[in-house]
Amino acid sequence: MKQDEIEQKIEELKRLAQQRSVDISHDLNRLQEKLSSGHSSPTEAWRKVELARNSERPTTLDLIDKMSDGEYLELHGDRLYGDDAAIVGGIARIGGRMVTFIGHQKGRTMKENIRRNYGMGHPEGYRKALRLAHQAEKFHRPIITFIDTAGAYPGLGSEERSVGEAIARNLKDFSTLRVPIVCFVIGEGGSGGALGIGVGNEVYMLENSVYSVISPEGCASILLRDPTKAQEAAALLKMTAEDLLQFGIIDGILSEPLGGAQMDHAATAAVIQQQVQDSLARLSAKSPDQLIRERMNKLMSLGRFVDEAAPKQGFLQRLFSRK
Amino acid sequence: MGLLDSLKNALGLNQKQETEVSIAASRDDRAEVLQKHQCPNCHAHLDDGELERDFFVCRHCGYHFRITVQERIKYTVDLGTFQETASQVYSINPIGFPGYEAKILEARTASGLNEAVITGTGEVKGRKAVFAFMSFKFMGGSMGSVVGEKIARAIILGAERGLPVVLFATSGGARMQEGIFSLMQMAKTSAALAQLEVSGQAFIVVLTDPTYGGVTASFASLGDVILAEPRAMIGFAGPRVIEGTIRQKLPEGFQRSEFLLEKGFVDAIVPRGQLPEKLAFLIDAHQGRIRP
Amino acid sequence: MGLLDSLKNALGLNQKQETEVSIAASRDDRAEVLQKHQCPNCHAHLDDGELERDFFVCRHCGYHFRITVQERIKYTVDLGTFQETASQVYSINPIGFPGYEAKILEARTASGLNEAVITGTGEVKGRKAVFAFMSFKFMGGSMGSVVGEKIARAIILGAERGLPVVLFATSGGARMQEGIFSLMQMAKTSAALAQLEVSGQAFIVVLTDPTYGGVTASFASLGDVILAEPRAMIGFAGPRVIEGTIRQKLPEGFQRSEFLLEKGFVDAIVPRGQLPEKLAFLIDAHQGRIRP
Amino acid sequence: MKQDEIEQKIEELKRLAQQRSVDISHDLNRLQEKLSSGHSSPTEAWRKVELARNSERPTTLDLIDKMSDGEYLELHGDRLYGDDAAIVGGIARIGGRMVTFIGHQKGRTMKENIRRNYGMGHPEGYRKALRLAHQAEKFHRPIITFIDTAGAYPGLGSEERSVGEAIARNLKDFSTLRVPIVCFVIGEGGSGGALGIGVGNEVYMLENSVYSVISPEGCASILLRDPTKAQEAAALLKMTAEDLLQFGIIDGILSEPLGGAQMDHAATAAVIQQQVQDSLARLSAKSPDQLIRERMNKLMSLGRFVDEAAPKQGFLQRLFSRK
């Protein structure tokens, strides 16, 4: 975000505050920090974590309902064990185009959150996602995914039915699906549970979403050996959209409405919908082989290291470029 | 919202991501047996030469001691056939995590290895294969960029040369010090396996004690055949994390090889001494299409 | 051996194959409502014209009456577009089972149909498709050679013409009077679906009350999308057989559509009145490669 | 079986009886019946049912152990839910050739039978079979299956995880596997639970095995409305190997040792092994496309009916022959 944009936002905020008599000191502080430094401070990273976890943010079904103008059908079940309400999926008509959608689904009320297990998937959720992805491939529908989970659920049933296997299979199978896949991190992108529906041709993050190998709390207690240092850990983990864009892990950042996505679901849906349409216009022009090659290329380039002997860094990537 | 969060805290749901804890990283059964000459399981007397000849398996109760990568190679690959690959791929500190460089130096000293995985080509009972051996001694076998790169390269080497890939897994999970890069190694290694599949070559996994986290949720669960050593601890989330979530003790035997066999995720449990023979049989049974 | 057998008898294990019982074959909710003008579920008053307009769904409680194939076609296929196929395929008595011919004649009179399935081409809200409608009134919708042949032909017709296949299932299971030939229809219809898959065309199943046995264990479980009407009874083994095996009452709601949705085997439960609209949406979403 | 063969067997039996002092009146009665009539009588059909259920008959693992001379590895689990001990599978080297084997597994002791659920599979058993079949296809191994079950288990878990779906998927996927598949009914071939691993290029039955859509007991109580009429039902259902061969459902009958397979496991294994080698020699010479076409052809021809309009009977079959 450029400095003049930020100054413009400050002006907008001040007007809004006067009109509605709301406390905007948080937002002002945050912008002030941005002005004073190019890097995200612990406070700033933590604020993103909090915004990403805000239970008023739009969920997968909120977004799909708006993006499809209600023209969607949720499809249930993995045809193996059960239907996981923490991961939803189905078919939607977006901008005239049929797509398969898959996403973590948090609740908003406590009752809904208990039913949906706070968006933390069990193996059957990941297997439903895979079933729907293969269905999409068979019928040439692009896939869009919405990532919003603290992680896969670490419980007995999850281990008994091997959530590890379920995630692993998705990682492998999604890498060679013959249709365009576009992923959106819309809230929390937590670890393997997020990545399990996160392999695509393009990955975008909402401005205030986060994406990390471990929660700041987990990192604080394991690596910093102090559970109270979650805010510090959030900054150390480099988990904001800006960090990931800089690392080359994601393809872009989608602006949220003023104050965060929770302030205006429709506007958030519109931004994502625009990106879906742009991405699919670009990706649908490519052959399945090209889609897979580009996706594979991206996946093979993930990682930073040095190789003091030939082949040099990027060896695997070049291998797939040649094909 | 405050209410929800406090509820989640009460349920232990905000701590759920401590998946990648190094499991029992402190347990050192080898040091114990060297000092006491006793099996930590059945307390029988074990002398050093005997243990060495028995592949570090207690001949009285079948207890499998953890072994080093160097020993694993010796017990698995035909003498003189192992040729290491990608030996000069080294870690950097990709997200500038404080103290990571020091940790790596420490791990090198402790393990005698450059990284948490050794890859190479070799033969098992005369059958050529690509091998990958993970080391728990190197930062708990955690997967960062180098582990992901080396394993992906080994897999692609198998695809290119028309060789099966045999991998011995052990890991505490992702290497958190590399942040999002460590997470992405799960996708990278799994995608490499999709390419091995296209080549028609087999991927054979041997799960050893312990295998957890991001490794379980990627290549270690994707073997055409998955073997496990007896009584190895294997899972996605660590036992302490699960206990923290469900607020009760885990059942006896939970996440052991035998549990995974019963739950349908392990093809067969094979005692260490029989592994070379079983691997040779499986390589014979899994001839790919391309075999130059 | 004598001991084992007696134990098996005690456990009910020797009766286990009564899978193909016609489920609730005797229930006739339609006759009931015609006589009493009352919903058998909520007991609200229902007049005939109202019921007819509501597709035989109680407007007070949503209870779905069983409907005939003729009514099903009327509610599903656009007026004047249905063209029956394979209408002159008739049953013989392939294993010479006593009384089978008489049973068939009886079923023809009761149902007004030649066999337990009607197939044809038509349109739903302007979308062309191949249709198959099963009839529970014809020998409990049991699957013999003719049912298998007609359904296999309908599936292959979809593959050849590049049309999706929409099937409404209801069945008590295999037609035992045809012995091994009835069992083999499971393999035949499922194999036909493998061909539809190759053609890239969709197979959409609507499960209606009741669907059991060999039909559940073949094409009815193989839809690219599986819809179900509310509260339909669906399963492999019949409730009485299961109760005989486990020696206890089944839980409330067991084998209902809603149970199958929760267990992950039904994509969506769709009330009868919304079926044409949902089928049209799904046909739009499942365009195959070949579409002349 | 020809009449002179039967007379020869009677002679053998008499000699054997003298040597070992065993009661052979059953076998003699049975042979006498054969001599007196070309069709199986109720008594004869029922005797086959009893022999097929004899708990001393060789099981899948008995046969595989003998056929491979101990060189086999059992592989477990469906990688989804569990390992079903009622359906086993793995890889064996038979006559120098690597094959995948799949079979129902009954126990012999009560303890083993409880563990193996009397060979009545749950969904995870059929899904393990499918996993191993796809593994075999990937690595070009022929598949041999051994059918020996009263049926899929009709219990709560079976229904909850949809054994119907599991069987259906096998029927569909086995029909297009690109490797030779040879099936052997070695004992009870009970309904969908048997057919779930029974789709192949060639199907053989042991002489005293049976194969039926429903158990005689089930048929008696449902169709004959008299549970005591199981013996009559057994004859009506036409479930013996000879019946099925006459119907064109199976490809051959394998002779059992005198008195039945339970008398000599090694001899039974040898007969099956010979058939495996003959069948695989023939089938391995065919291309995958040809294997599928022939299998599909056979499947499409199953059923007897009249069609009073064109296309005539055999329409579907001819359709596939043309390809």
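Letters A, B, C and D name the chains as they come in the text, with residue numbers starting at 1 for each one.
The working rule: contacts are C-beta pairs under 8 Å (C-beta built on N, C-alpha and C of every residue); 3 or more make two chains touch, one makes a residue touch a chain.
Remember, it's a predicted structure, so these values are computed and weren't measured experimentally.
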When A-C and A-B are ranked by contacting C-beta pairs, first place goes to A-B
Rounded to the nearest Å, the gap between Cα centres of chain B and chain D is 41
Chain-centre distance (mean CA atoms) for chain A and chain B, in whole Å, is 29
Per the C-alpha means, the centres of chain A and chain D lie apart by a whole-Å value of 51
Check: chain C positions touching at least 2 other chains come out as 197, 263, 265
Where chain A touches two or more other chains at once, the residues are 79-81, 161-162, 165
Among line, ring, star, complete and other, the chain contact graph is other
Listed in rising order, chain C residues that touch chain A in their complex are 197, 200, 202, 224-225, 261-268, 278, 281-282, 284-289
Chain D residues touching chain C in their complex are 54-56, 110, 113, 118, 120, 150-156, 158-165, 167-169, 171-173, 175-176, 190-192, 195-196, 198-199, 211-215, 217-219, 221-223, 236-239, 243-244, 247, 249, 295-296, 299-300, 302-309, 315-316, 319
Touching chain A in the complex, chain D uses residues 79-81, 127, 161-162, 165
Counting only contacts in the complex, chain A reaches chain C at residues 71, 73-83, 91, 93, 98, 124, 128, 135, 138-141
In the complex, the residues of chain C that touch chain D are 1, 3-4, 7-8, 13-21, 86-92, 94-98, 144-146, 148-149, 152-153, 156, 174, 176-188, 190-195, 197-198, 213-214, 216-222, 235-237, 241-242, 245-246, 250, 254-255, 260, 263, 265
